[in-house]
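After this come two complexes, each holding chain A, first together with chain B and then together with chain C.
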Partner chain A sequence: MKKVYLMLVLLVGLAVLAACSSGDEEANSGSGSEGSSGTDSITAWAWDPAFNIAALEKAKEAYDGDVEVKIIENAQDDIIQKLNTGLSSGTTKGMPNIVLIEDYRAQSFLQAYPDAFHPLTDVINSDDFADYKIATTSFDGEQYGLPFDSGVAGLYVRTDYLEEAGYTPEDLTDITWDEYIEIGKKVKEATGKNMLTLDPNDLGQIRMMIQTNGSWYVDEDGSTPNLEGNESLAKAFETYKKMMDADIGKIVSDWSQFVGAFNSGDVASVPTGNWITPSIKQAEDQSGKWAVVPMPRLDMEGAVNASNLGGSSWYVLNVDGKEEAADFMLQTFGSNADLYQTLVKDIGALGTYSAAAEGDAYAVEDEFFGGQQLLTDLSTWTDEIPGVNYGLHTYAIEDILVTGMQDYLNGTELATVLENVQSQAEAQLK
Partner chain B sequence: MNQPSSDKSKLDLPVSLRYKETKREKTGVFFKKKVGWLFVIVSVIAITIFNFYPMVQAFLLSFQSGMGGNLEYTGLDNWQRLFSDPTFIAALTNTSIYLLIQVPLMIVLALIFSVLLNDPKLKFRGFFRIAIFLPCVTSLVAYSVIFKYLFGVDGIINQFLLNFGFISETINFLADPFWAKVVIILAITWRWTGYNMIFYLAALQNVDKSIYEAARIDGANAFQQFFQITIPMLKPIILFTSITSTIGTLQIFDEIVNITNGGPGNATISISQYIYNLSFEFTPDFGYASTVSYVIVILVVILSIIQFRVAGEKK
Partner chain C sequence: MKNLKRIFIYTFLSLAALVSIFPFLWMLVSITNKSVDVTQGRLIPGTHLIENMKTLFATVDIVPALANSAIIAVITTVLTLLLASLAGYGFEIHRSKGKDIVFNILLLSMMIPFAAIMVPLYRMFGSISDTAPLIGIDSLGAVILPTATTAFFIFFFRQNTKMFPKDLVEAGRIDGLSEIGVFFRIYMPTMKTTYAAAAIITFMNSWNNYLWPLVILQSPEKRTIPLLISNLGSSYSPDYGVIMSAIVIATLPTALVFFLMQKHFVAGMMGSVKG
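Let's look at the complex of A and B:
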């Protein structure tokens, strides 16, 4: 009798173990990067099928190595979660070889998992890429990221609304935010349309404003909060409040409302990253009624009419197959100017590889924007973007700032608000 | 429990019978215990590996801090940080507000619905029951998104209020700290009332009709019957639903993220969302995140004890 039960226990135990291990295998083969097979196939993770995934597909077509490239689409949030849980558990199983990371988050990954990424310092030439991308994709003297899409920002304007108020796009070229607000008031008077959309929960607007002056939420070291006494930030807050007070902003609370506002013609301008172009073009009936001018700057010494919003870069993980992955990166996004031509032509994805901007595809005149050479303009502005180290805490600080902004809009003194957010940030980000 | 004692004696009977039968076997008590263990050993091992081990690890983690994988023990720093962390305090306050307003509201509504729908004379009973239960089978994300659009500036609620002259200009529900909370509470109540109602309905079916009959003969009106019979008879179920609802509300995440994403400011952020933010939205600090998680554990334990004391047995 005893033996029978012992056998039973063993059997059950085995079954449980088998169930567990087979589950593991499945998880691994799903992402296709078991250590041993790393050499003949590499895996890449990215988000957005219309943009990043499409770009990867083009890169795969352009690549003539003998390593198979598997492209896996994940939502950005999922990639962040999987990387965080995978890397912090210390196992590299199930991790991809190549991953796309948003620039605002790059430093926190590089510093939180120092040995998890494979340096590309000797693989790519960082001088080939837009300057402003380098600070955020490198760490401790090593270049880790391969700069990919440009988040160069522009001011998308409705020429027909401006005309009604007596302005031309030239009047909005190279202006300050204060001048922009004055124009906004006139446009609202003449057309009844709001000048722009504002989302009090998303301070992208503030980020773009302070970067025109080479400033950020943190100091150069990337971790000390720089809020109190940050003149650019104070100025940006004041400007934001002025927009609210002038009542030229349509309040939105999410992406679809944001897109809906300009697609339905409710706003006269959209200051944002160039990745918005496909969304603007969705409203085909508005063809020819748009133009893009440089971003307004903060009314301060040293501020320029160029800024950035978003953008991301490729990273190679320090797992088996890293050499192959790095080679794939070098042959495609790292040196292939023709690939970038295809990217702008077929996908509208604007890279930051400097040599690419000289190609024909960049010089094309865009009918939707009244024949403007949009890509050439954007590339020119890309070179002028002040480089800043986004550091570790962009989103953590922004979370604090959103509350601060609410207080400020509700009448608290700016100095007090900034003092509060500074002490909060210092307490939270040790 | 105040359940009729007849239930208990019914349960006792088969157990004692089985006891006698097994005793007839020669192997004795020791063997019987082993057999018992054999039945539970798989689940015990599984629960230990997948529940208790992670719990202990998470507890240890709550004394560590650092970025991503570079964690080190920092003693009680995390726990001290909790009390001076305005975001945590905001999250705790919001969650408490949801809890204090939403759980009683939902329990009362569920009770009322279940009593109404238990009336055998009511026509289309099945239809109403399904209609009230149906929200429960919708996906959390899907209904949250729908609520978000219902209460948007151009949403149907605003249109309705405008057209009927209740308001003169649209209310931006989701951008107002007060209204945003109201929307969240409405949403959870809509989603979960039917779920709790089913428990009450099931319990009501088990209440002996003769008790009501006797009460009626004694001249008790409907209200007296409700408060003197229905509520006491349902007490264990009310306790159960209030504990599960409390735990559910303490862990609320999907609705907040999808309807307001914690905004405006931190006016609707919940503890779970803050844990998510600490782990994945900001530079990851899993140590501090698990400290915050343990706050939920402690709260659940405390609140459950209180609820047991208030509503539970007098023993």
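Let's look at the complex of A and C:
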């Protein structure tokens, strides 16, 4: 009888081993080249199949080298989690050669893992890219990131709603946020539609506002919170409250509601990054009813009608195969103007490589936006975006600001609110 | 009067049932609608079901992901049941002072959140990747091992073993069974419901496990279902109809396992051996 049990235990053990090893065979065929040899293939991580992944595929097609490029799609939050775990564990096992990082987060990665990234200072020419991208992608005098997509923001407007209220897109061109609110009230009166969506948990709106005046949540050094006494931020808070008081904002609480609001025609304008274009176009029945005008500016001296929301850049990790990865980057996103033509034409991905904007693909007239040369306009605005150092703590500070904003909307004095968030931020980010 | 009371109770219960079942209803309705309709909160079934399924199967490798999840969940469940019940049995039947100390240390380990041990774990698996690729980074083995048994299930089995009549062990020994024989031939059949309850919980935990597979698995062909769904939602213009379809498919196996073993599950949670 004993033998039977012994056999049983052995069998289970064997089954487990067999299952593990079959999984491993896949590993060898799938990604056997990672790490060890490193020279015959490189891996790249990015998110969004329709945008960044598609751009990588195009780059791979344009690339003329011996190294095989493996493109792996991961959600953005997943990439952050994986990078943080991998890099802080100190092993380079399983890490990719190339990774896409959002500009707001780049500085904190560069500071937390200084040896993990491979500098591209001698590989690319930083003058070739939009100025505002350089501050966020470099660290300690070295250029680490290869600037990729532009987060240039625009004010997407519904021309039919505006017309009903007696406005044309020209009336919204180069205006201040205060003027925007006045127009918003009229539009709501005439059409019953809200002017924009507001998400109290996502202060992208505030970020876009303060960047029009070259200001950010932190000082130039990238780490000292700059909230109390930040006039641009105070102005942005006031403007936000004015929008709430004027009742021109539709409150949304997540991305799907945000997209749903303009897809269903509930709002007359969408101030956001240009990457929203595909989502706007999703509502095919609204073709010809949209136009894009420059972002409103803060009503302050020095503010411009150009801002940014999001955007990301490529980074090469300091692991085996970094030279090959850097070379791939240089040959494609780093110098190939034709590639950028393909990117705008086929994907609608707007790069920040300055030479690319000259090409024909940028001049195309978009029927969805009433024949507007949207890409040309967007690249013109890209050059005007004030460069700011996003620093290390954008999202950490924003979490504090979200509660501050609630207090302010509930009637607390602005000065008190900003004083509170400043001390909270200082305490938390020490 | 009695009828009135009954009507009230039924209305209340129906409302409560509706509230708890609503997310599922919405999920089921959404798989028949276009993404635009989903974002607009449409609650009427549409005609887009086949398109959504087609897009899903055309754009993502959902079948390999299901297979990976199934392999991991089944092996984890078998290992957990075997190891945790052996340990729980040992702790309860063969008692000694030393074992109680070990058991208390085990319980303490339940207090440490997984996120805290994730980085050291990753490092450990990284360091054995070259010598033992079967269980190195980016292998299914590495997903299974850290969850192959947990302090909770050892505790769970020990607690349930408290109700196991120890006379049966004595009787088995007298009749000439070995210690292993007692475990497999007497303990296991008697504790069937405990095993069923533990199996459901382990299977569900493993099937829904996200964080550890996320960091340890790198190749797309090894992705599990939760990772695949997370990916689907990553784009700037997500297709909610397709995402919902994937979620429905991912929910089916756990729902099935639960319904098949529901009877045992309740009994197992209440304690296995009656009387």
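Here is the rule we go by: the second predicted complex is superposed on the first by the 396 of 430 C-alpha atoms of A that agree within 3 Å, B and C clash if a C-alpha of one lies under 4 Å from a C-alpha of the other, contacts with A are read in each partner's own complex, and residues count from 1 in each chain.
Here is the rule we use: a contact is a pair of C-beta atoms (placed from the backbone, for glycine too) under 8 Å apart; a residue touches a chain by one contact, two chains touch by 3 or more.
No experiment lies behind these values; they were computed from the predicted model shown.
Residue contacts after overlaying the shared chain place A:396 against chain B, while chain C stays out of touching range. Using the contact criterion defined above for the overlaid structures, shared-chain residue A:412 touches neither chain B nor chain C, since it reaches no partner.
In the superposition on chain A, contact is made by A:257 with both chain B and chain C. In the superposed model, A:428 lies in contact with chain B only, and not with chain C. In the superposition on chain A, A:81 contacts both chain B and chain C. Contact comparison for chain A: of chain B and chain C, C touches the greater number of residues.
With both structures placed on the common chain, the touch criterion links A:73 to chain C but leaves chain B unconnected.
Of the two partner chains placed by superposition, only chain B is touched by A:201; chain C is not. Within the superposed three-chain model, A:90 lies in touch with chain B and with chain C [touch as defined at top]. By the document's definition of touching, neither partner reaches A:287: not chain B, not chain C. On chain A, the surface patch touched by chain B in one complex and by chain C in the other comprises residues 1, 5, 8, 12, 16, 77, 81, 88, 90, 257.
Residues 1, 5, 8-9, 12-13, 16, 77, 80-81, 84, 87-88, 90, 108-109, 111-114, 116, 200-201, 251, 253-254, 257, 392-393, 395-396, 399-400, 402-403, 405-406, 424, 427-428, 430 of chain A touch chain B in their complex. In the complex of the two chains, the chain B residues touching chain A come out as 27, 34, 38, 41-42, 45-46, 65, 67-70, 81, 84-87, 90, 148, 152-153, 172, 174-175, 177, 260-261, 263-266, 277, 279-284, 286.
Residues 35-36, 38-41, 59, 68, 71, 75, 78-79, 82, 118-120, 122-123, 126-127, 129-130, 133-141, 144, 177-178, 180-181, 184, 211, 214-216, 218-222, 227, 230-231, 233-238, 240 of chain C are the ones touching chain A in the complex. Every residue of chain A that touches chain C in the complex is listed here, in rising order: 1-2, 5, 8, 12, 15-17, 19-21, 23-24, 26-28, 30-31, 34, 36, 43, 47-51, 72-78, 81-82, 85-86, 88-91, 93-94, 96, 255-257, 259-260, 263-264, 275-276, 278-279, 282-283.
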